[in-house]
Structures are given as C-alpha cells and as structure tokens.
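Every chain is named by a letter (A, B and C) in the order it is written, and numbering of its residues begins at 1.
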Amino acid sequence: MSEDLIAVIIMFIVLFPIFMTAVIMYVGQKSEKLCTALSLATAMATFMAVLSLYSEATGGNVIEYPLFEVLPDLAISFRLDILSYSLALLSSFVWLLATIYSLDYMGGEHGKERYYPVLIFTLGSCQGIFLAGDFFTLFIFFELMSLIAYILVIHEETPEALKAGYKYLIVTIIGGLSIFLGVIIIFEVAGTVSLGQGPLFDEYSPLALLTFLAFLIGFGIKAGMFPLHVWLPDAHPVAPSPASALLSGIMLKTGAYGLLRMIFDVFGMELFQSLGWNHIMAGLAIITILLGSAVALTQNDFKRRLAYSSVGQMGYVVLGMTVFNEYALSGDIFHIFSHAIMKSTLFLAAGAVIWKTGKKKISDLQGVGRQMPITMGAFTLAAFAMIGIPPLNGFLSKWTLCLGFLEGGYTAYVIVLLVSSMLNAMYYLPIILPAFLGGNGATSHHEEDERTGQAEYPVFEVNEVPLRMVIPVAILAACTLLFGTLPTNVPFELSQYTSNFLLDGFF
Amino acid sequence: MYALEHVLNHLPAILVISLFVFAFIMPLLFIWKRDWCVPVATLSMGLSLAMSLALVIQVNQVGTFVYHMGGWEPPYGIEFRVDYLSAYMLLVLHGIGLLILVYSIGDLKKELADRVIGWYYTLYLLLMGAMSGMALTNDLFNLFVFMEICAIAACAIISIKEDRECLEASFKYLILSAMGTGCYLLSVAMLYMITGYMHMEKVAVALETGAAEYPYNVLVAMSLMVVSFGVKSALFPLHVWLPDAHASAPSPSSAVLSGLVIKIYAVAMVHLIFRAFPRELFEMIPMLEIILWLSTLGIIFGSIFAMVQENFKKMLAYSSIAQIGYVFLGIGLFTPTALVGGLLHILNHAVMKSMLFMVAGIIIYSSGIKRLQHFDGIASRLTWTMVAFTIGGASMVGIPITGGFISKLYLAQGALEVERPFFLLVILVSSLLNAFYYFPISINAFLAEQKREDITFKPVLKSMLVPVLILLALIIFLGLNPQPVTNMLEQAAEMLFE
Amino acid sequence: MEVMEILENLRDNYFYFIAMVLFIVGFHTMLTHSNLIKKVIAMNIMDTSVFLLFVSIGYVHGAKPPIMDTVQPEGVYINPLPSALIITGIIVAISITAFALSLVAKIYQYYGTIDADEIAEIRGSEE
C-alpha cells in the first residue's frame, strides 16, 4: 500500500467516527433505527479500516503523517507503529462488540440520542489517542475523550451517577492539566513533542522530574493507579454496562499507553532505569494490585467488584512496563489485550445479568447461571482467565510476565502476582459457584424436594438475553480461550513484535 | 479614487472622528426618526470595522506607520502610531463591538426606559471612539483625554439603566476611575517635568539620561501609572469596583465593559511600558515583578470569589478579574512568547466573556432568572444558549480545541522560558478552579430537573442569538486555527521588544 | 545643613509643594469621607492640584504670557504647551464633575441619602 493511502486510512480511522457523531446526533432525533444502524456501521467501518492496516504495521513499518499545524512546531499528526496498531486494533474490536451489545441493552432506555453519538465520538478520540504522532495530539484527544466520556458516566442521571460523574469530571480535569504540564515542559526542553524522535530528555533535571510526576499523575489517574484510582470504583459501575466495559476495558488502557510512551519516548529506557523511577512505578503498581484485589473482596455490588478488579489488573500492566526485557514487555502488552477482552466479557455479562434479572448485588445472584447459562458460562471463562487458569489467555499473560520478572531478577514481583491471583480466585469464585450451584431462594424446588424427598438437582431453566447481547459476550469469551490455547495467535504475536520494537529502540 | 486615497491616508483620524460624529448624530435621530437609530449605529460600527481591517492590511504591507494630526509634527502635534498591536486591538474592538451592538438591539428594549435608548447608542459609539483613540495615540496627554471620555462613557452606560444598584455601582466606578485618572495626570506631569515631551518615544529617549538624574521622579511616575491603569483594568487589589459595576449594568454594557474596556487599559499600559520608558529602567525598578505577583493574586482570588457567587453576572464579573490577571501575567513575564499569550488572551477573553454576558442577558430576557440556583434544567428550553455557555466555560478552563487553550499554551511556554515554573502551576491551578464554577452550572442546566414551575420562557430573539453563535464559532475557530492571529501578535511582540 | 537645604528647596519650589499637598488632600478625602458630594469636590481638588503643577512647570521667571505679541514678537514667552493642555484638562474635569453630580442627584432620589456608608448598608440589607 502506498504511504498516502495508509495516511488516508489512518485519518479515516480517527476522523470518520468524530464526523459521524454529528450525523448520528442529527439523525437520532428523527429515527432511532437509523441512529443505531449508523452507529453500528461506523464501528464496523472503523474496525475494518484498522484491520486493513495489519500487514503494514506488522511489517515493521512506521508511518507518520502530520495533518495540520495548529501552532508552529505543534501540529496534529498521526503515527502508525506496532504499539499504536496493537491498541487501535484491540479498541476498535471491543468497541464494535460493545456497540452490537448496546443495540439491545439500550433498547428500553432513555437518552439514546445522546448515548450513541457519544459512544462513537469516544471511539474516534480513543483511536486518536492511540494513533497520535506526538504528545500534543495525544493530549488533545485524551482530553476530548475523557471529557465526553463524562456523558456516558452520568447517563442514568441518578444521584449516585451524578455524584460519581462529578468526581470523575474533576479528577479528569486535574489529570488533563497534569498532562498539559508535562507536554509543555517537554516542548520547552526538547523543542518538539513528536513521538518517534528518540528519548526527548537526555539527562536528569528538576524539570525532568516534574515531567515524570506530571505524566505519572495524569496518566496514572486514567489508568487507575494507586492513589489516583478513587474515581474509578464510583464511575465505572454507574455507567450503562456497555459503557462500563469500554471504560474498564479500553479507556484505562489509554492511561497505560500514555505511560508506555512516557517511558520509551520521553525518557528512554536507560535514563529511566538509571534514575530508579521504574522502581517508584513498580512500588505503586504493587500497592495497586494488592489493594485492588483486597478491596474487591469486600464489595457486594456486582459491578463495583469488577471495577476494583480492574484497578488491580491495571496494576499488573504498570508493573510489567517497569521491567525492560522481552518477556516482561510482551507479557505486558499481551496483558493489555487479555485484560481488555476479559474485563469486557465480565462487564458485558454482568450487564446482561442485571438487564435481565435486575439483580445488582452478588448475594442475590444465586441460580442465575441456570437461568442464563451462556452468559454466565462466558463470565466463568473470563473469570478463570482473570485468575490465571491455563489454557486461557490470562494465564498466558501472567506466565509471560512472571518469566520476565524472573529474568529481570525481580522474584518479589512473582510472589505478588501469585498472591493476587489467589485473591482473584477468592472474589470471583463466590460469584460463579452460587450462580450455577446455588438455590433459587424460596422457589417451588425446595418444597417439591421436601415433598418427594428426592435429591436436589440444579435445573436449567434457560431464559437468556437476546441474541445480540449474547453474541458479543460469547465472542469475547471465546477469544479468551482462543488466545490462550492457539500457538500462534494475533495478540500474542503483536505483543512480541511490540516488545521487540520497543526494546530495539525503533520508536 | 482620489477621494478614496485621501481617506486611506487619514484613516486613523477618520476612524476615531467618524465614531464621534455618529455618536453626536444619534440623539438627533432619536428625536426625529427613531427607526433610523439602530441602522445608523450599526452602519457606523460596520464602517469602523472596515476601517480597522484596512489599517491591519496597511500595517501588514508597510509595517508600523505614524499619522500626524493636522499635519503638525511632534512635539507640537499629536501623533497616532499604528503598529501591529494597535491594529490588532482595533480589530478586536470593532469586531466584537459590532456583535455586541447587534445583540443590544433586542435586549435594550426590555432593560432600559424607552426615552434613553437613543442616548445609549451615543454613549456606545463614544466609548468605541475613545477606545480606538486610546489604542492609536502616541501622545501622553491625548491618552489622558481619551481615557476620560472612555471613563464617562463607561460609567454612563452602566447608570443609564437607572435602578438602585447600577447607580451606586456607577458612582463607585466613577470615583475610583477619577482617582486613577488623577494619578495618571500626575505621572504625566512628572514625566513632563523631567523630559519636556509628551510624545512617547521622545520621552523614552529623554529618560535615558533623565532617569539617572531624577530617579525618584521616574519611580513615582511609573508607580502612579501602574496604579492608574491597575485601577481601570481591575488589577488586584484595585478591582473592587468591578463586580458591582459589571453585574448591575445592562447586559450589552456588561459585555462591552468586561470584554473590551478593561482590556484597552492593559494595552495602553503595554504601549507605555514599551514605548515611553527605556528598557534599562525595568532592571532597576522591579515594576514588572510587582505586576506579576499582583496578577497572580488576581487570578487566584478572582476564581475563589467567583466560586461563592450566587448571582450569575456577579460570578462572570469576578471571573473577569481572574482572566485579566492572565493578561497581566503575560505582560509581567516580559518575554515575547508570554506577551503574545497575554495579548491573545485579550482577544480570547473578549470573545468568551462577551458571549457569556450575552448568554446571561438572553437568560434574563427570556426567563428573568438571575440566580444560579434557579438554573436547574433550563437547557431544555434554552438549548443553544446553554451549549454556548458550556463551550465558553470550556474555553475559560482551557480545554483543547477552544481558544482559551491556545493563550494558556503561550503563557505556559513563556513561564518556562523565564524559568519560573511556579507561574505555570498558577495557570494550571486556576484552570482547575475555573472548572469548579463553570462546569457545575452546565451540569445543572442540562441534567437537573426544573424546580420552579412559575417561570415562563419568552422566545429568544434572533438578533440576540446570532451574535452568540458567531462568537461561539469564533472560539472554536481560534482554538483550531489561531495562526493568523498569533502571527500578527508575534510580529507585534517582536517589534515591541526590539 | 541638610534640613536647611530641604527648607530652601521647599521655599523655592513652593508651588510644587502646594500642588502635592492639595493632591494628597483630594486623594485622601475621596477615599475616606463618606459624603458623596465631598468625594466629588475632592476629585476636583485632586485634578486642580495637578493642573496647578502643570502650569507652574511651564512658568518662566519674568517672561511674557504665551500670547503672540505682534508689537514686539521677540522676548521670552512662558511655555504655552502646559497652558494649552490644562485648558483641555479643565474641560475634562468639568464634564466629569457634571456627570458625577448628576449621578449623586439620582442616587439621592433613589436612596434618600448621600452618605456612602448608609448607602452601603442599604445595599447590604437588600442583597
């Protein structure tokens, strides 16, 4: 493919959804069916466009494309390298599935004319973040995405949603200002903010420290790192479930992406290691992992438990990026993939359960598995993957990470990983087991059994959710299996390419 | 064609004089042919906008040029000096002035008594003329005269509403303004004593030797000037007149006052600092340092006071104090980049604040709501208005793709250039504080339930909504494509600094 | 002696000194006295003091007034520039005074008092 064509496709991926937002907003006021159809078409088109660039990206090409200059030296530019591509592919895939899921989930809800445009806009700006060619573009799309996602958070307009949304808004603005601080310092010190120029800082200076802290705070807020995670457990549950899946599954990853770019494009591995900052990040990551998993145990609200689980899992991602060898980095990127898939499955499945049964508390979930076997089956698969049971993709990512930690000499990290896996099991199994094996409360079963004296058999009364909600969940769950078992699978390969790319210094 | 050339030669003078002439025709028209008032006023503003554009084009072609009133050379005559900054300021003044005038057509019928509407246009055109004169003039005493015209016109467009609050606010503004003028006149007297000139550049040349001989005089003169312009442009802590004055005035007046009047004094101060005083003087006297710290206090305290306000227009007025602080921050940091940021913020804030005051006026016109707690759910009836408010608020905070972001970008760069990252933190913290009082209003308006049942919504006039939408488009345009403006400003800053 | 020098300077430049005193009197009155009419008067005093300063700067000992003498054009005239400026200044000051006084009249009509403290109280209780 010629370079120009690639550039056009990249711009299409980012700008087409944003353009379609206006169209969908206008159309949505006239006809709902057209609105949803257009949203679906946009998500599909974006995903196809990203897919089409697969060979280009994995061929090792790096394509940069400046769009226009806002100010001298500060332009909106795009960039396709293997890291960008991996995340763009992942996010467009999950977005597509979430959109399909939304078609039925949002069927009876209010505010659809607001939900769909925002969904598509955040898709476009998320792609903009991943495909950004410099920190300025990244910052602009980051701000836009975070602020517009507020509308998704407060969608239900209940008092809790509004409170959570307000907290989210303030924290987002603080994060945005933090990143702005970092970007402006980089611009001042290095004269340019482009990615792909090699490390922008050569040596330590107080300003470099300030940049590190600014980016750590700014991207850390988004990624849910301790102690900046406080908005997450409130904001993710109150959003509609497909939006929660996207928030937890993808938008957290933009924070991780920013941190990766910070490490490799702003400071460079050598400087970062020599200053010992990777240990600071590792420390915070470890606290995040343990804290997230521990607090998840105490939550009774279904989606809140999943949100805290996200906090813990993102800790793995941050931990992985502080160890600079091939296994750790490929495990890190692969964990980004895996967690996105797993968490999306979990949230979509949870959403299906809540949508169908209206039960939000875990203590109410007994017997749900018999009612909705496919959904809960998918949930189980994803939960097992989270815990790290082979041969699922979660196991593969944790295994690779552990190999990387051992190779780097960080045996302590391995122990943390094991402990948290155990904690994961402790908070997922109590959801799964009662769902399939638990009683149905006071139902006719008990009375029947007492009268006939027969042993209780769990009976499956299947009452599933509509097909368009089941399929995305099932696909994602299948992915957890596929990407764990198949010897050659796309995400794992991409992760390996990416880690080699980063380590070799081909920014 | 000869006539046109003649006009072009005398453009600076014609600009100012035409505005005055039209201002004086207004009352006559009001008595004779009432319907002609508005079109003639609009015609006048349109003409002056065209003339400002012509001046900008001229400056781009030939660079800075001077115009001598009546052909008399300085030091006998008064000189109008058109450089990039003056041309930029004129464009800002007349562009936004025209939009506010269009807005006022609908609004005034409700706010003012019928017999004074003609006088309003007189005062408005006088104000525009005086401000244009202030932007153009290169003579210290001429600046004084225009300052006074501006002061009377500004106070009068507040008090023309003739209710209890605006009279008291207008009087307070007048007294403080007169104090400022007195100080300014005294400083001019001091400078005249030392140098014997009124012409700014000649004063600078003479001061190079004069400052060594009479250091205390120069110090007093400079301080009095800063105080004087500080009072008039609401530099902390001399801002006390602003909240009452801007909040109690009719909405178009608030828009003009907040958007344009306080800025022109900052521009006049820039002219004075860069033209009338030699550069070495500022290394001896830390005047800029003082301006820098006062501006910082203004930024922080303006936002803090704004957060606790219940009246919508009072909140916007306190926000103006914070925003003019940014302009002074740009001046105080004293590097070209920071100055561009400050000057760009003049345009950005003029656009934003005028739009916000127009929004306030529309809300008051349509529903009579003045207090923020009654804003619940009004977005369902006043959708475009509240959308404009949200974008304006986002621009105040400094969200990318709005104009406010670009000026903050320049200011932040400037702060780093002089290696004072503290002011960068000030900018960021104040952006956050801005979010605290702008976004809750938007959230309330869009999402909350309308509590008061007794509000009836009158339909919004087109003539009131269209300027708001034009300004809204301008904010986003300036956010994405600021280069035409920043180019002009960078040339202006370069020229000022050489 | 230092003090003698200062006193001598003061005696020689007594008009500057008086102008400064008047300026400070006007300034202070404007800020501290609460009667609105007094504020307006003080504004006038302040402006007048600066005009005094200006005109006295232009004075040249033993020179002729700055009016063109067609009979005997040579000789020293006092500096005409300050005088011209001050005429403008006086007009400006008058217009401001007129406006201020009309405002005071209107305020009296609405508030029934021209004492700034009482007005502030009334405003405070109205809010």
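As a working rule, a residue touches a chain if its C-beta (ideal position, glycine included) is under 8 Å from a C-beta of that chain, and two chains touch if they have at least 3 such contacts.
Please read these numbers as outputs of a predicted model, since none were measured by experiment.
Seen from the Cα centre of subunit C, the chain whose own Cα centre is farthest off is A. Among all pairs of chains, B-C has the largest number of C-beta pairs in contact. Of all chains displayed, B has the C-alpha centre closest to the centre of the whole protein C-alpha set.
Computed from the mean C-alpha positions, the centre of subunit A lies at a distance of 46 Å from the centre of subunit B.
If each chain is reduced to the centroid of its CA atoms, subunit B and subunit C end up 28 Å from each other.
Rounded to whole angstrom, the centroid-to-centroid distance between subunit A and subunit C, based on C-alpha atoms, equals 72 Å.
Shared interface positions of subunit A, i.e. residues touching 2 or more other chains, are not present.
Those residues of subunit A that touch subunit B in the shared complex are 69-72, 74, 139-140, 143-144, 147, 154, 157, 162, 165-166, 169-170, 173-174, 176-178, 180-181, 184-185, 187-188, 207, 210. Contact residues on subunit B toward subunit A in their complex (touch as defined above): 394, 397-401, 406, 409, 412-413, 416-417, 421, 424-425, 428, 431-432, 435-436, 439-440, 443, 447, 480-483, 486. Taken together, the subunit C residues at the contact with subunit B in this complex read 23, 26-27, 30-31, 36, 39, 43, 46-47, 50, 53-54, 57, 81-82, 85, 88-89, 92, 95-96, 99-100, 103-104, 106-107, 110-111, 119, 123, 126.
Looking at the complex, you find that subunit B touches subunit C at residues 141, 144-145, 148, 151-152, 155-156, 159, 162-165, 167-168, 170-171, 174-175, 178-179, 181-182, 185-186, 189, 192-193, 198.
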